[in-house]
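What follows is a set of structures for review.
Presented sequentially are two complexes of chain A, the first with chain B as partner and the second with chain C.
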Partner chain A sequence: MLEIVLNNLGLFLFVGLAVLGYFAGGLAERRHYRSIREREAELVHLPVVSSEDILPDRPVARSCLVTGSVVVSIDYFKRILASLRNLFGGRVGAYETLVDRARREAVLRMKEQARRRGACMVLNLRLETAVVGRSADKKRGLGSVEVVAYGTALVPPRG
Partner chain B sequence: MKFTARLPDGSVNVPHTHPLVELAWLGAGLAVAAVAVFVVLGWAGEYAAARLPVAYEDWLGARVAGTFPGQESPGLAGRVERLVATSPPGSPLHAYRFRVVVVDRPDVNAVAVPGGTIAVFRGLLDQARSGNELDMVLAHELGHFAHRDHLRNLGRGLGPVVLGLVLFGRDSAVSELVANLCLTLEARYSREQEAAADRFAVDLLVAANGHAGGAVDLFRRLAAEAGPSLPYVLASHPHPADRIRQIEARIASRGYPVRPTEPLDRPAGRPPSE
Partner chain C sequence: MILTNVSTVPGKTIVEHFGIVQGSTVRAKHVGRDIMAGFKNLVGGELKGYTELLQESREEAVRRMAEQARTLGANAVVNIRFATSSVAQGAAELFAYGTAVRVE
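And then the complex of A and B:
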């Protein structure tokens, strides 16, 4: 038995990493979504719009740039699922949840920064994305994706 | 314009299929594709291998020569030469330069190696009691050469290996596993291939010796001996009783005479000094 494992170490490593990726990645994803939903409910009353020229119906003292940035990595299981998907084509669901989490987390972090600055609204929301990591553009590497959310926070006068 | 606070609707951007369900579908698709490629590549590989010129086979044989390390046996090679000399002029066997290697393994087996090498295991030589039995075994392997069975199996095995290389790359454990499983020189022949080689062997035995004596003796002994630990030849070849029946049917239908065999004075393949 041990001999079989040692002779096919690569194969067992592959399966082991996939199982680890499935459980660890799944756990991380569920916890992250729970946190995202809680914080979204908490920050729901801070308006964020992508428009440039909608001004709030109260005076604005100053404005500042707020950003939120997230880097997430895929797990081994998602990579296998995505590489299988590469063969057949279609919706890469494994990556969609990842990008969805990154985007919502980036907006949340931006909103948290805006709230700390005392903003009443964020205008001109923009989202950018980049591939990060040395192995990200290589075929066999585990890639990471960065999502940056930024906008203009409008801060009302004090008092 | 009035701003209404609303939580984001997460339902459109994420899939609603469970990842394991997706994995199962994709895995099933891959399996279907793999089976299709396996069948097509296997068929193509077998088709091409069966038509491989002997000169190319020699090139291949030089590369696998080390697979069965052993001592060359001029005595057995002489028997092969005599058998080949009596085969009809159009036979593909004349293109080969045969060598016989005695491999020190206890299995009762012989293997047709690409390039015209017949590897005979020590276990088989210890079982043989007559020169006619040895001729039968060697003629059976010559039958595999004549029908190119040894190459067909190798060509068929290439299919999954190529598939593994394409899918998983050259330095992957999966490719290596597939190659180890599929590219073995001790590949099993099908029942029909074995039966055809037996028929070929009987015909050649009669052409060389003038009678079919000794054609079934070895199989009889193996069938009688087959206890709980079956010799290798029983596992990889059809049941000896079936083979005996088919060989005897061939002898009867062709009306071949059966005369007494010439017994060996010492175990075959061993040098006289032992």
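And then the complex of A and C:
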């Protein structure tokens, strides 16, 4: 038995990591989505627009730049799924949820920063996506994405 | 220093333009973080070390941009944009640019 394991160490490692990725990654993703939904509901009253000429009906005392960013990585199992998908083409669901989570998280962090500064609105939302950490995963290229969300927070006068 | 990413400063008027100002920083992550990120890559999820690193670097880029604007005599930077590029393996360039103006 031990001999079989030792002879096929690479295979066992591969399967083990895939199983670990499947369970841990799936759990982490579900938990992340739950947290995203909760915080989105909480911050729904802080409007964010991607245009610069919608102004609030209140006077604006000051404005400041707010940013939010996050780096999210995909798990081992989904990375295997995605590379299999590469053979046949089509939608890569694994990466769709990855970038979706990253964008929503970045926007939420930006909104949280805006709320801490007492803002009533965020103008001109911009989203940038970048692939980072290539060296952590040289062979497979894409593994983690960074999303930064930024905009101009408008703060109404106090009182 | 007022920073915005819209073409004006809401509630104020621009009285003088100073042109483009920019700030950039190139950062490499340290090995410890890279190894941790390697493990985290297996289970997926947020890579907090990288998030912090990029956040700090972006703040540094903005600070340099604001510094440049201040030397020109500006009191605000409008229309700020961010860009990220990986110039080398393991190093990332964070870049911020905008238009330096004086507002009243």
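Note that in this section the second predicted complex is superposed on the first by the 152 of 159 C-alpha atoms of A that agree within 3 Å, B and C clash if a C-alpha of one lies under 4 Å from a C-alpha of the other, contacts with A are read in each partner's own complex, and residues count from 1 in each chain.
Here is the rule we use: a residue touches a chain if its C-beta (ideal position, glycine included) is under 8 Å from a C-beta of that chain, and two chains touch if they have at least 3 such contacts.
From a predicted model like this one, the values you see are computed outputs, not experimental measurements.
Judged by the touch definition given at the top, the superposed model places A:R104 against chain B, while chain C stays out of reach.
Using the contact criterion defined above for the overlaid structures, shared-chain residue A:R85 touches chain B, although it does not reach chain C. Of the two partner chains, chain B is the only one touched by A:L9; chain C is not. By the touch criterion defined above, A:E96 reaches chain B but does not reach chain C.
Set against each other, chain B and chain C touch different numbers of residues in chain A, with C touching more. Look at A:L154: by the touch rule set out above, it reaches chain C but stays clear of chain B. Chain A residues 78 lie at the interface with chain B in one structure and with chain C in the other.
Listed in rising order, the residues of chain C touching chain A in the complex are 2-7, 9-11, 29, 34, 37-38, 40-47, 50-51, 54-55, 58, 62, 80-86, 89-90, 92. Residues of chain B that touch chain A in their complex: 1, 3, 5-8, 10, 13-15, 17, 19-20, 22-23, 26-27, 29-30, 33, 172-174, 176-177.
Interface residues of chain A facing chain B in the complex, by the touch rule stated above, are 8-11, 13-14, 22, 26, 37, 40-41, 44-45, 47, 49, 54, 77-78, 80-81, 84-85, 87-88, 91, 93-94, 96-97, 99-100, 103-104.
Here chain A touches chain C in the complex through residues 17, 20-21, 24-25, 28-29, 32, 52, 55, 59-65, 67, 69-76, 78, 105, 123-124, 126, 128, 130-138, 143-144, 146, 148, 150-152, 154, going by the rule given at the top.
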